[in-house]
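Each of the next two complexes has subunit A plus one more chain, namely subunit B in the first and subunit C in the second.
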Partner chain A sequence: MSAIAAKPGAAAGAFQPVASLIAIFFAIIFIGTAYWLLGSFGCLAVEALIGIIIGAALIAFGVHFVPVGGAPAAMGQSPGIATGVAMLATGAGLAGLFGGAWAAHIGLWVALAGGAIGGGLMMAITCLMVNISYVYGMGIPAASGKVEKDPITGDSQPEYKSQGTEGHGLPFISYVGGVFGGLLGGLGGTLIYIELLNFYNVILLPTSEGTNALAVGLAGIFAIGMFLVIAVLSAYNITGTIEGPHDPKFKRFPRAIVAAICASGICGLVALLVVAIF
Partner chain B sequence: MQEIIIGIGVTAFAGALAAMAGAAEDTESNIGSQGDPNSQVQLAPQMGYTHRIYNKAVSGEPPAYTLWVTLACGIAWAFTMLHVNAMLAIIFGTVLATFVQGIYATTAYLGRTASLSKFGQPVFIDVLKSVTTVTMAHAFVAILTTVAACYLMSTMLQHPFALPLLGIVWGLALGAAGSATGNPYYGKERQYQNQKFGAGVPISASGNIVRYAEAGQRSSIDNGFFTAKFGGPASGLCFGLIVFLELWRTVLFEHSLDNWGAVGWGAVIVGALIIVLFMIIDRYVEIWARTNYGPYTAEA
Partner chain C sequence: MSVKVEVSHDGVPHNTVMMKNGILALFFLYIAIAAASVAGDGSWSYPAIACVSGGIAAVFTLRWGNSTIKKLCSYGIGTGVPSAGMLAFGSGVIAMLFATKVNPFLVPIAGLLVALIVGLILGWISNSVLNMKIPVMTRSIAELAAVGCLTLMGLTAVATGDIGYDQITTGLTDPYASYISAGIIAVAFILGAIALQHPFNACLGPGEKQDRTDLLAIECGFLSMIVMAVISFAFVSQIAAWISFVIALIGWFVTYRQFFALSKRDAAAWLDAKPFSDAEE
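On to the complex of A and B.
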């Protein structure tokens, strides 16, 4: 069968149990490898890697909430924010990471909450400005193309949709989805950062101030890198545009989480080994 | 107390710098035609509409600004390590990053437009000469203000990240905020000024962008002139609010609940309240639009 004859449409996004099991098996191997290769730091490395994997799963789940319309949204042809999935989610996640890293010296839970709120705040402001731009700049009310009624407010959608488009702007469900996606992204990114920071601090020996400046830099850059990996993986799962949690594509998220678990396993292992060995 | 007062001043200044950065970023990306609306500039010749609009989608705005701001931050950081005056170091870094932006813009315009030659789209050398420098000037303002805000966060507010790392974080956030807010205004409102106001562009109209101005052919600089009246300030407000509120909630409220045993939770609670406030405003804007504009009605 040629590539054209194969019809991926119906099965696109379906959960594949065998492939998922293999991916999780690989993730377990990566964790075992970390334990085996890092000798006396083995337990610490396993703890860090599990934290990284949980953080990555949160990011992958969070990306699916962010309403992204891509290029069509820039012409008011589809609902969502007019930019790329990976980039918007990363923008929110990194804003969260900024807040989380700032609060890292206070404690784990404060830092995680600070990171989550930072990401959510960035999305809350951005989504509001998108709607203000549509409503007051272009005179277009928000309308979803995927549902008849907004699942939160119950507002009917089809009659507000312009002819020849799939909808436009951000209905309230998309707004809430965006904020929730930002919260999860900020939380996951900060968790990865803190796990790496704790591990590097032990390896590189903390200074009198409690943290090592090199450890902060390395943890920050690896956390940003891993965030991008997971956001791009999830963006591939979404394939272009998504309206938020009410979009049928949202149901694809388990596949992205499995992929994120596997990808963050190898990325995390490399991030730990690079510093531990060199 | 003095620390908090300085912190508030720095927060306000960083927020103001970020607002300028957002406005300049959006105007730069509209003059250069970067980001999602550029899909129409690229599509137009393929649909038979040749034009004189600049065409420089190097990449999405967020990665492009991440590169330029991080480059400027990295160079500025290296110079400050060599004990060069910080203001001079930031300007050196920004100038170099702006030249990189100019090179990317030139190669992107030539490469993208040349790829459209089979559809009869010429490369206009006068467009290249007149528009590239204008985008570079706007990029300079956007990069300089973002790097200055990052420098304030790093030195005055003692954020643990080094300057280049802050450049990655805020460069990406700048591009994300600017493209999210500013793109629809350029894409829908400016490129499709010939379509109905108050409705999305029908997919069937894709590629039929406005190519003529009041006198002669429309230039990309006209697009910047137009979007600087709404899209630019809205993007500036968006990025300014993000930076300001992110810093403000931490500087002012981080230790406000310490006496109640919730060390550090003040900033989190204030942040959550601000999110709820923005949600309420958004819902108000949505209801306002539905009641005032009403459902879509097709033209008779």
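On to the complex of A and C.
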């Protein structure tokens, strides 16, 4: 098959029921394997793995809200932030992780709130600066090319859209989507980190300060690795660019969530086995 | 003006590149492990061999990964080349840390196997569940996971002189300031990911030549090795760290000069801009 023939066609947005069922089945097998392999820590491992899977599903859902423009956005030819999902999700996810990790010893809910606010704040600042550089730097107004009216404010869009473009800048709905996506991404990343940290702390035995330095290092690098895997798989789902929650591509999110459940199942299983086996 | 083309587009087939560089990378990783296992306290010669062979293994693995990325991204996956590098290292770091727990002489093979299994599942997900329908997707993502795993092993060997779990979880002076708990593995992660995704991202286009992209991959590998060699001053003896640092610096300088020459060869025209003083005359 040539490269051109293999380009995703009209059916690219279709949900794959059979493959999705197999993926969910795989995820259940991974959870069962964790219970079986980890013996006396089985229940703890299943709890941690389910937390990781929920976190991954949140990340996959969150990526679909973030207005990713890619290269066309850098030239002002399509709406969104002018970079790829890998960079944006890494930024929001790591900001969320830093926000959540400092509060890990205070409690689960404080840490999760810190992570969500960290990710959302990072995206809010990014979206604001993107719009400032678009409006005052490039001299273009914010206009969506996918909808006639902004779903939140009701502002009319086509009058502000330049001919030959798909829209430009960040309309209000994309801004809100970006902040919400950052919130979900930070929340999911922190949830993965906390679940891994709690599990490693039990196995590696905490020191007098309450957490084991090795557990922090391992949980941190695994959370980053898993976050990147889930974010890139979700980016494949939207084929690189999306305008925000009003984009027709947003309807593809169930596929990404199924993919995230299966991918985080295998990655989380291996990550749990690192400390608990041999 | 004729352009001299020494190697045509995709001159060497991907499978040849993969086998050659994969086997060489494993060979150098085993040299590193063997040198680390016979190194005694206070000696510098064996740690130096371990550091340098780890770096060379990372360079060979990056050549393999560069070829894989070229094959995958020629299909236009829509998310840009960097995402493939991030995916490779995200799955590679998990496989690499899992593999360090086994017997030292099984670490590279175990890492390769675990990475291939994780990568195959991720590749199947992106091809079937996410409906990418790219023929080389499953195989490429499995290969990329293996590349991420082996590159991290090589860079780890440069920094710590060993790739065993005990060595990377205990520090030389402070037991808590180890390779993992001090977060140095995150530096290796990003250094490797950038070295993996940059060459094809920088050279892609109609005038892309295999030898030039390949040389850029080697250059990026040595550049990453320089940083890891600087970090290695905290973990191995000073002389060993200096040796790997100087070798990385020489390797980077030589490959950078060669890459510069190849860029001149492939350029349509080359203008050596003069300083302002000439314009005044």
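Here, the second predicted complex is superposed on the first by the 269 of 278 C-alpha atoms of A that agree within 3 Å, B and C clash if a C-alpha of one lies under 4 Å from a C-alpha of the other, contacts with A are read in each partner's own complex, and residues count from 1 in each chain.
Rule of thumb we're sticking to: a residue touches a chain if its C-beta (ideal position, glycine included) is under 8 Å from a C-beta of that chain, and two chains touch if they have at least 3 such contacts.
As the structure is a prediction and not an experimental result, all values here were calculated from the model.
Asker: For A:203, select first, second, both or neither according to whether it touches subunit B, subunit C, the two together, or no partner.
Answerer: Once the two structures are laid over each other on A, A:203 reaches no partner at all.
Asker: Which partner chains sit in contact with A:73 here, subunit B, subunit C, both or neither? Use first/second/both/neither.
Answerer: The first partner, subunit B, only.
Asker: Kindly classify A:256 by the partners it touches after superposition: subunit B alone (first), subunit C alone (second), both, or neither?
Answerer: second
Asker: What is the contact status of A:192 with respect to subunit B (first) and subunit C (second): first, second, both, or neither?
Answerer: A:192: touches no partner chain.
Asker: Using the superposition on chain A described above, determine whether A:23 touches subunit B (first), subunit C (second), both, or neither.
Answerer: The second partner, subunit C, only.
Asker: Scan A:14 for contacts with subunit B and subunit C and give back first, second, both or neither.
Answerer: second
Asker: For A:84, using the defined touch cut-off, is the partner it touches subunit B, subunit C, both, or neither? Pick first, second, both or neither.
Answerer: both
Asker: Comparing subunit C with subunit B, which touches more residues belonging to subunit A?
Answerer: It is B that touches the greater number of subunit A residues.
Asker: So, does A:239 touch the first partner subunit B, the second partner subunit C, both, or neither?
Answerer: A:239 sits against subunit C, while subunit B stays out of touch.
Asker: Which partner does A:217 contact after superposing on A: first (subunit B), second (subunit C), both, neither?
Answerer: both
Asker: Jot down the residues of subunit A that show up as touching in both complexes, subunit B in one and subunit C in the other.
Answerer: Overlap of subunit B and subunit C footprints on subunit A: residues 70-71, 84, 87, 90, 213, 216-217, 220-221, 224.
Asker: Under the definition above, what is the set of subunit C residues touching subunit A in their complex?
Answerer: 74-80, 82-84, 86-87, 89-95, 97-98, 101-102, 114, 117-118, 121-122, 125-126, 128-135, 169, 176, 178, 180-183, 185-186, 189
Asker: Could you pull out which subunit B residues touch subunit A in their complex?
Answerer: Listed in rising order, the residues of subunit B that touch subunit A are 35-37, 39-40, 60-63, 159-162, 165-166, 168-170, 172-173, 175-177, 179-189, 191-192, 197-206, 230-231, 234-235, 237-238, 241-242, 245-246, 249-250, 254, 263-265, 267-268, 271-272, 274-275, 278-279, 281-283, 285-286, 288-290, 293, 295-296, 298.
Asker: Which positions of subunit A touch subunit B when the two form their complex?
Answerer: The contact residues of subunit A facing subunit B are 70-77, 81-84, 87-88, 90-92, 94-95, 97-99, 101-107, 110, 113-114, 117-118, 120-122, 124-143, 153, 155, 159-165, 167-168, 170-172, 175-176, 179, 211, 213, 216-217, 220-221, 224.
Asker: Where on subunit A does subunit C make contact in their complex?
Answerer: By the definition above, subunit A touches subunit C via 1, 3, 6-8, 11-12, 14, 16, 19-20, 22-23, 26, 70-71, 84-87, 90, 213-214, 216-218, 220-222, 224-229, 231-233, 235-237, 239-241, 255-256, 258-259, 262-263, 266-267, 270-271, 273-274, 277-278.
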